[in-house]
Structures are given as structure tokens and as C-alpha cells.
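In this document, chain identifiers A, B, C and D correspond to the written order of the chains, with residue numbering beginning at 1 in each.
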Amino acid sequence: MQPALERMISLGEKSPFYQLLGMKIEEVRESYARLSIEIDEKHIQLLGTVHGGVMASLADSAAAWAIYGSSDFKGVPVTVEMKINFLKPVKSGRLVAEGRNIHRGSKIFVSDVEVKNCEGDLVAKGLLTYYLVEDK
Amino acid sequence: MQPALERMISLGEKSPFYQLLGMKIEEVRESYARLSIEIDEKHIQLLGTVHGGVMASLADSAAAWAIYGSSDFKGVPVTVEMKINFLKPVKSGRLVAEGRNIHRGSKIFVSDVEVKNCEGDLVAKGLLTYYLVEDK
Amino acid sequence: MQPALERMISLGEKSPFYQLLGMKIEEVRESYARLSIEIDEKHIQLLGTVHGGVMASLADSAAAWAIYGSSDFKGVPVTVEMKINFLKPVKSGRLVAEGRNIHRGSKIFVSDVEVKNCEGDLVAKGLLTYYLVEDK
Amino acid sequence: MQPALERMISLGEKSPFYQLLGMKIEEVRESYARLSIEIDEKHIQLLGTVHGGVMASLADSAAAWAIYGSSDFKGVPVTVEMKINFLKPVKSGRLVAEGRNIHRGSKIFVSDVEVKNCEGDLVAKGLLTYYLVEDK
């Protein structure tokens, strides 16, 4: 891994929102990223299950890191839009999201995300669009 | 407002994830809900702006409460999927999301959401699908 | 309306796919467009209702023309992605789609679309993203 | 393949909208379907490329047939919503869409679709939600 990417990952994990949700960046490699959250009381909503926003946060993050992991990527991927299907409610255990960068245009990048629970069941599936903002 | 709905709102706001993000349910009426978050350091990610997951959490919540607010709604709206466009980065101030229930089928409900910053600019727009789970 | 836009509209309506589906461009003005299709046997699929692709075609077109109608728009809006909810089956009559351009970035444009049947019922709702390709 | 499914496929291909666009159902098996369109002048829009509605029609159809192909599926899959990213413009050749049913709930089904051009490049990617209407 490039030192610049390693630094970014470290900064990402230490950023306040990652700390708030407990998001861990487990792996970033070519066009791929894996992130996780250990589910805790704090992620739970009214109905006793994990709030959809937790899965959306994890999905957006995994999709973005898969783009950072692209060898020829220079700049910052800004989320244009996210579409996510919630397939199964989650109550506890560990959520793992795998992002894959499936398209690189000159400015538009698209990633696919799978979120699984600790039994390996697919609990959410996402398709997200990013816009490249170049480093100044 | 019906007492049952008032109780639900109170339970919703006290739920752990609402507390974690600081989500407030400001208004729920016929097919409409308004929620807000006062942006704080904790919502910020790597790039110094509010994480997309914060806006997604707020959007999903506003869209769901707009369905709870439908006079003829009995049961629990489970999020099938969310699509959200992020239009402007947000760094501080108050985020307000307005959800509107635009379709009620026998089982499928659809809501539209607008998220605005403290200057009233549209910063995100969502379109979400819910499935009715009936109370037992 | 600018002569350049009028020419575009005329070319659009004469293009093969518009002719194939019978899409009419009824109105294009500032950030708004209205298109229609008179439903016919040819739009019908296996189940006896209009194929979702007909509504998707109309929605994408209305959303794009709403961008062409923006006074400060120069270039060509290329569809990045489309999200459309199908709310009611349609069997006959006229479908009318109204596109509204709700966001203009430097490169990214977002439009909202409502499709109604001849009774004025909302039958589909879309949220679409475009990328500006500049004229050479 | 079950005779009932074979009959459905034959009826599907003969339906007016499939004939209009030239959609062929090439393969339907367990949770999978492959459909194609031979691109022709009639699919072209103003900019000289295939209209997004053509790809959306093919994606929706492939996603739905992947559900019909599920061994335990009884009934009719009605499209709740479609999200599709357009990755590359297409001018000619054959479009092939592969639909995969990735989730089966009691009422909600989700399919993933990849559309490729004749060189095998991914030109569109979709994620679609269906609702099961039971046979009477």
C-alpha cells in the first residue's frame, strides 16, 4: 500500500464520525475495501434493530474506500448519490461491508457494496456514484 | 395527534441511535414529518464535512415518520430501500429534513425527502420505499 | 425560447426512439419540461400493462429536457443514473411526465420527475442524475 | 425448465413491447436470466446513442425474469422500483443483460443486473426491487 493511502486510512478511522459509529477500515486494496462495525446498543432504533443509517454509513464508506484503493485514483471521491436495499434486520454481532469499484470514468466512479451480518447473510446491497474532486 | 403516535415519537427520540446522532423529531402530521440534527464535531468525517451517513440517517427517519403520520397507517414501516442524492457539503449549523409520504399501496409506501441546511439550501434529496409490517 | 433550444426539441422529437415510443415534447421552460406518450398496444407487456421501460424512457427524457431548459445550461446532459418508483400499473390513456431540475452543480445536475396517468394520478416518481458534457 | 415457465417466456417474447424493442429472452434458470437486444437505428436518440430507456427496459426485464426463474417462486413479480447507472454510451451491436435474484423475502424480491455491450464491457448496472403478487 502507498504511504499516502495508509495515512488517509489512519486519518479516516480517527475522524469523529468513524469513532462515533465504531467504523473500522479493515482492508483497502485495488478497487476493493472492507469495513466493519461491531453492533452495540448505540446503533439501535425504536424497533430494536440497527438503524438503516448505520448500514448506509458503512456502505457509503466502503464504496468510497474502494475508489481510494484504485491504483490510478488521484483526488477525493465525493458521494453524488447512494442507493441501498435493506434485506434483513440486524440486532447484534458484526456488520461487514465490502465495496467494489465497478466503473471509473474521467470524473464519475461507481461502486457496488455488499453488507453482511456475522452469519455471512447479505443484509444490505448498495450501488453508489462518486464524483472525482481533484487535489489542489 | 393520537396518543399512540405521541408515545411512538417519544420512544423514537429516546432510542439510542437518535440520541447518538442528536436527531430531533420536530413535527409529525398527516403524511408529513420534519426532523433535525444540530451539526457538531461528531458528525464530521475525514474531509471536514458531515458524513453522508448522517444525512442518510436523517432522511430515512423523516421518510418513515411521514408514514407513521398517515392517518390510516397501522403497523410499522420497514425501509425496503433508500436513494439519496447529496447536493452540497455541510460543515456546520442545523440540518432539517422534511419527509412526505407520496404513495400508499396496500403494503408498499413511498416517501420523498428534502434535507436543507441552515440557510435553507437543498443539500440532499431522497426517494425511499417502505414495506408495511402489520402490528400483531 | 431560444432558437437553439427549439431546434434541439425538434431534432429530439424526430429522433428514432422518440418516434418508436411516440414521445412528444410538450413544453420546455426554465428548469422544467413536460413530455407525454399516448398509450397504445405496442407499449404493453406480458401482464397486460405498460412496460416499466416505457415509463423509465419518458422519465429520463423529461428529466433531461428540464436541464436543457435551464437558462444557463450549455452542453449536453448525459444520464449518470436513474431511480424510478412505479406506483400504479397503467393500461391505457395518456402518460404525462413533468421533469424539474432541482440541482445544478458545475458538472452534476439532478432532476425530479413525476409521471401521471390521464386521471392525474401519480403513477411513477423518479430522481435522476446527469453529468454535463460541454459542447466542443 | 417447467412447462409453465416455458409458456410464460414464450408469451413474454411475443408481447408487444418485447417485439417493439426486439428483446429476446435467451436463458432463464435458477435465480438468473439473460436477455438481449440487437441495437438498431430505432433505439437511437438525439445524441446518436442508444436511449437510456432501452437499457432500462432490458434491465427491468432481465431482473424480473431472474425472479420468475427462482424455483420456489409462485406468482407475478411487480416492479416496485429500479435504479440503474449508465456507464458507457452504446451506438451499435448487441446488448446483453444478466439479471440475478439476490434476495427473496416473503413479499419483496431484489435483483441485480449487469448490461454489457458486444465487446463485453459493462455499460449499465442496476439494482431493482420487486413485490410478489400472488396468482389467484
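In this text, contacts are C-beta pairs under 8 Å (C-beta built on N, C-alpha and C of every residue); 3 or more make two chains touch, one makes a residue touch a chain.
These figures come from a predicted structure and were not determined experimentally.
Student: If you average the CA coordinates per chain, which chain's centre is most distant from that of subunit A?
Tutor: C
Student: Name whichever of B-C and C-D has more C-beta pairs touching across its two chains.
Tutor: Taking the two pairs in turn, the one with more contacts turns out to be C-D.
Student: Subunit A to subunit C: how many Å between their CA centres?
Tutor: 32
Student: For subunit C and subunit D, what's the span in angstrom between their mean Cα positions?
Tutor: Here subunit C and subunit D have centroids separated by 21 Å.
Student: List the centre-to-centre spacing of subunit B and subunit C in whole Å, with centres computed as mean CA coordinates.
Tutor: Roughly 28 Å separates the two chain centres.
Student: Mark out which residues of subunit D touch at least two other chains, giving numbers and ranges.
Tutor: 80-81, 83, 85, 129
Student: Provide the residue numbers of subunit A that touch subunit B in the complex, in ascending order.
Tutor: Where subunit A meets subunit B, its residues are 8, 11-12, 15-21, 41-47, 50-54, 56-58, 60-61, 76, 78-86, 89.
Student: Enumerate the contact residues on subunit A facing subunit D in the complex.
Tutor: 83, 85, 87, 102-103, 105, 110, 112, 122, 125-127, 129
Student: Under the touch definition given earlier, write down the residues of subunit D that touch subunit B in their complex.
Tutor: Counting only subunit D, the residues touching subunit B are 80-81, 83, 107-108, 129, 131.
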